[in-house]
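Listed below are the structures to be examined.
Two complexes are shown next, each including chain A; its partner changes from chain B in the first to chain C in the second.
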Partner chain A sequence: MIGFLTYRIALTVPLLLGAALLIFLAGHYAPGDPAQVLLGDHYTPAAAAHMRHELGLDRPLAVQFVAYVVHAAAFDFGVSYVNPARHVRDIVRQTLPTSVRLAALAVLLATLLGVTLGASAAVFPRSPADRLIQIGVIAGLSVPSFVTAALLVLLFALRWRLLPVAGWGTPQAYVLPVIVLAVAPLAYITRISRASVRQVMTEDYVRTARSKGLRTRAVLLRHVLRNAALPIVTTVGMAFGYAITGAFVVEVVFNIPGMARVAVDAILQRDYAVIQTAVLVYTTLFVAINLAVDLSYAVLNPRVRF
Partner chain B sequence: MLRALGRDWPAACAAAFLLLLVLAALAGSRLTGFTYDHQDLDHAFSGPGTGRWWLGTDQYGRDLLTRILYGGRVSLAVGVAAVAAESVLGVAWGTVAGFYGGRLDSVLMRIVDLLIAFPSLLLAVLVTGIFGPSLVNIVLALTMTAWPGMARTIRSEVVALRERDYVEAARALGASPARMLLRHLVPNVVHLLAARATLDVSALILTEATLSFIGIGVQPPRPSWGLMISESFQSLQSHPYLVIVPAAVLSGTVLSFNLLGEAIAEWVDPKLRRRTA
Partner chain C sequence: MVRRWMGVVVAVVLTAALISMGGPVPATGQQTGIFRVPLGGEPPTIDPYFATDFSSGDLSFLMYTTLVGLDSSGKLIPEGARSWDTSTNGLVYTFHLRDNVRFHSGRKVTAADWKWSFERMGDPKVATSVADVVLPGIAGFDAQQKGAPGLAGIRVLDPLTLQFVLNPKARGGFLNRLAYYAAVVLDRDVVGQGGKGWYETRDAGSGPYTLKEWVHNDHVTMVSDPNYFLGAPKVTRIEMPVVTQATTRLAEYQAGQLDLVPVPLADFQRIKADPVLGKELLVFPRAQIIWFGPNPRVYEPFKDVRVRRAFALAIDKPRIARTVFFGFYQPAASIVPPGIPGFYAGYKGLTYDPAEAKKLLAEAGFAGKLPPLTIAMNPIAQDYQMAAEAAAAMLKDNLGVDVRLQKTEFASFQQGMNRRTAFQAFMTGWAADYLDYSDYLDLLLYSKSPLDRVSYASPEFDRLVDEANAAPTESQRTILYHKAEALAVEDGAMIPIVFTQFALLKKPYVHGMQTTSALSGWLRFNSVSIQK
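Right after this comes the complex of A and B.
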């Protein structure tokens, strides 16, 4: 078990390094000259050459990459290209907690609601509720998040004035963004829960438990859910991925001061330092969550440990 | 296949809708008589059904229906191109990895694992955000997002297929590896490819719409459904039809590809089961 844990954790290091390499290369081959951007109006070829030397851009590529990784590990991501007074590290520190809070709430909502809906659909197959849930799943997967956002804003904020149109801070402001962000993960978790519970319910031990005279509820809780949990846990990891990508839209639409919104602004302003760091941070988060999911899978399923 | 569609009516509706959409998108201006960037500021914001504009006009007086159709051209073209590219790459990668196994397989799959570690939109954002949102870059970004998943799926299938009798028979008859790959393995993953590719089209159209909505996808004045929605977002309260129409068409298209893809996947699966039973 410890062996498996160390193996799995050790696997993430090359993964992160590989991701860092990709991001570093993208930044290196980006159009534009950082020296020119940072010098702005004071650009002369001599000053640019000097600036490039200062930034370390004339060193061999491998050395630059190692420097990039070492700096990143120390949380030194350089300064913003657009606003050189701001350290990217500070931007991340100020905006990441908001994004994480939003994503966590969305995934929590999606998991609780999704497992309930999926299990209910599986326990009453082909019922009207089951059909409705199936349709909901397909709709949730097909309708893009900005469309659901538009719909909900139109109804709840503009027409009925129950909730604010945008913003962050008051509890009411949390409601619509969390709901919109939760839709895609909810659809996936519901679908997997339904499939998993359906599959487990056909197993022999469920029939045995039922024929022993156990009430359906006891059967569900003690046998079915515990065994159906495995694929659902994996899907929760995927759900975080959807929450992360969905955040780009939700934070822009609802004007939430999170890291995804900062990343989008950086893209529109060609602020490569911020873009690279945002992608790196999000990817690291994603890898960490997948690691947690894999480890919990090993805890839940004794057969998996090598 | 048509018989399978006949039994599954949502999928049949989906296929019909897509056919209609493709034909209308190809017809484009010839159908409506407007170009997508022709502005008529005297008649901006006309509602649907008023005057010559079947679906109304947007804030610059451009005909909404024409822009929807051209947006359809862009979304479909980008989606299909990206899926074609990722299919070729993914099938080639997965087949080689699955067939040869061993260290080559390990190396190839490690690279795939690395790319799958990125949440899909993030890779696309990295490419278009840094290298610019040209149509080529968008297709490139979408291809990069999708091919690792395809490679993984195809590889699993090939690993299962290479133990089959006909592969062993071919090897015994002296077939070269290339011949075995091309003549035996690839044709037998085509069904999986078809199902997966259709579902990927819907996912990539969605990703492209999201990129365009954020502003790093298709650039104005070229229309894209996601871009049209973001441009009209401020008029949501006064002129909701400007958001609702592209949103409905976008959702309908993605939904149709999803339904079609699932129908193909189901059609393919029992066929397999019947063959090995």
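Right after this comes the complex of A and C.
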């Protein structure tokens, strides 16, 4: 187990380095020079050259990359190009918890609701409830989040005045963004839960459990759900990924001061320091989630041993 | 059984913890004395000398003091200075400072503070963003750029008397430049002690409001300074949340979360027709022009003045103003907008004449032979795209040129324009930094200006601008500038399309707000009151 853990964690290093290199090159070769963006209408060739020097952008590419990696290893991501008084580390410290909280709440909601709905649909296949849930799943997967967001804001914030339009911090402000962000993961989890539970319900041991007189509830909780859990857990891990990427839309639409909105602003302003760090942080998050999912198999399935 | 309930308990506790963990406190619930105005983006700085975007500019404007200010009509008024005298040759300005201007630390502002501040602004080692705008007219500025210590042209006569000696060649618009929102006095104690990010937690200003809190990417809160030299502001607290999306700002306004927001052009007609919002709409001229830039360096035919003129004559500006901008914007005959002192009223420019345009094109030998033209559009506001689409259709109809439109993202657009060798033509805009002719002609068309993105290199135009800047009186200066402006328009160096307007939504309980054609459309909020 320890050996496997060490192996998996060691594996993340080349992965993160590769990601860092890719984003570094993409940022370098993308059109739009940060010095010009920062100077805006105050651009002069001399001022741009001065700024490129200040930012270290006039050094050879390889030197820039190595310096970046060495500093990043010590959690020093440099300063923001746009506001040099701010350390990128501080930006991450301030905004990442917001994004993680938003994503975690959305996944929690999606998981609780998704497993319940999926299992219910599986228990009563082809019932009106099942049909309704299936339609909901298709809608949840196909309607983009900015449409859901606009619709919910129109109804709950502007027409009925029940919830704020945007913002963050008060419990009311959490409701709409969490729901919007939860929609797609919810649809996935519901679909997988339904399929997984239905499949397990056809197993012999379920028939045995029934025939020995267990109540449906007990059969479902003790025998079916536990065995159906493996694919569901994988989906929940993926759902976390969905929630994190979905936040790029939701945080902007709902004006939430999280990492994703900061990253979007940074992309538009060519704030390389922030963009690179954001990508690195998101990559790390994804890797960590995958690791957690893999490890959870061992807990859930006694046959899996690393 | 216990285990099952434990799971539920853990889930509930986790959820509660997730929701309650820290997080910034938002601006919800309106109380009297709080004014809520959004910032369009996270301010990159609140050092006024580096404030070149709207967010930083708005914040600097509210917290700092200039020597000379502007009133709602664009007239110069005393601000940090109570009055000023001008020498007979117009080259020496003596400012008599008010004796009740105090920094937010409580210390009195003196002439020495002004000198220190302006010297910091001009210091080439600090390399501020605004020195080129405010200081070029002051004697000794060029020397300072070459390494001389201090600004020789600024003299402290006594603690309340400050004197400026001007450079005769670049004296033009000196007072207008001093009214620029960044030409402010700084508290050197705050700047000196705060280090690189001194503006993060406090301000060095003496304006009506002082920085209370800056939560990055979330909001800035300011509180009033009861000792403000023009009287304590009635609104004691200003909350400025960072809201990057125009539609979100509008929705927050409708939901009562904001008190003053700009209206996106796309929503203008809906809001105007709305029985409630229509009454809360403020519309007034903005010192901004939307213009078409023909680039002779990339599109060969534009090297011929007749072709540029033909393009100008083939675009029906009144129709664009009327149909595309539903009469909200005004057709532009000249380059400098109406809000600027000396506006060239009555000038006709090149009026729509497709027959003449065709004739000019034929004379130049390009009739029916123009190569395809791509117009790059500034993506920052929808206005530019709407103007470009209309102009493209007219050019196609009237000149038979195959026009394509190119939409890039802002960083690429800006770079392409600055590089001068990327776009064949572009549609963009220019809004005033400070209300003066030089902010348009000197910057956009003077051959040595880095912002001469249409590569207009007319010796005659340069000569007129040089003479204007050396003119001893404003009226002489204006006459010279009008000549230069007419020359550029008739050369088709840039093609003015429309002058724009501001459209703001303001809650009816907000009283006493003064508007301006510059900045974000409003003057300092010290006269504003909230009455519900």
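Methods note: the second predicted complex is superposed on the first by the 251 of 306 C-alpha atoms of A that agree within 3 Å, B and C clash if a C-alpha of one lies under 4 Å from a C-alpha of the other, contacts with A are read in each partner's own complex, and residues count from 1 in each chain.
Basically, a residue touches a chain if its C-beta (ideal position, glycine included) is under 8 Å from a C-beta of that chain, and two chains touch if they have at least 3 such contacts.
Predicted, not measured: the structure shown is a model, and the values here were computed from it.
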Which of chain B and chain C A:161 touches, first, second, both or neither: second
First, second, both or neither for A:252, with chain B first and chain C second: both
Chain B versus chain C as contact partner of A:171, first or second or both or neither: second
First, second, both or neither for A:47, with chain B first and chain C second: second
Which superposed partner A:153 touches (first chain B, second chain C, both, neither): both
Which of chain B and chain C A:268 touches, first, second, both or neither: both
Partner chain(s) touched by A:290 [first = chain B, second = chain C, both, neither]: first
Chain B versus chain C as contact partner of A:143, first or second or both or neither: first
Touched partner set for A:18, first chain B, second chain C, both or neither: first
Chain B and chain C footprints on chain A, overlapping residues: 31, 153, 158, 252-253, 268
Residue ranges of chain A in contact with chain C within the complex: 31-33, 36-45, 47, 50, 82-86, 91, 94-95, 97-98, 101, 104-105, 108, 112, 153, 157-158, 161, 164-171, 173-174, 252-255, 257, 261-262, 265, 268-270
Chain B-touching residues of chain A, taken from the complex the two chains share: 14-15, 18-19, 22-23, 26-27, 29-31, 138-139, 141-147, 150-151, 153-154, 158, 241-242, 244-245, 248-249, 252-253, 263-264, 266-268, 272, 275, 279, 282-283, 286-287, 290
List of chain C residues in touch with chain A within their complex: 11, 14-15, 18-19, 21-28, 41-42, 44-45, 52-53, 127, 129-130, 132, 196-197, 199-200, 215-218, 241-245, 248, 251-252, 254-257, 408-412, 414-415, 418, 450-451
Complex contacts: residues of chain B adjacent to chain A: 110, 113-114, 117-122, 125-132, 202, 206, 209-210, 213-216, 226, 229-230, 233, 236-237, 240, 243, 247, 250-251, 254-255, 258-259
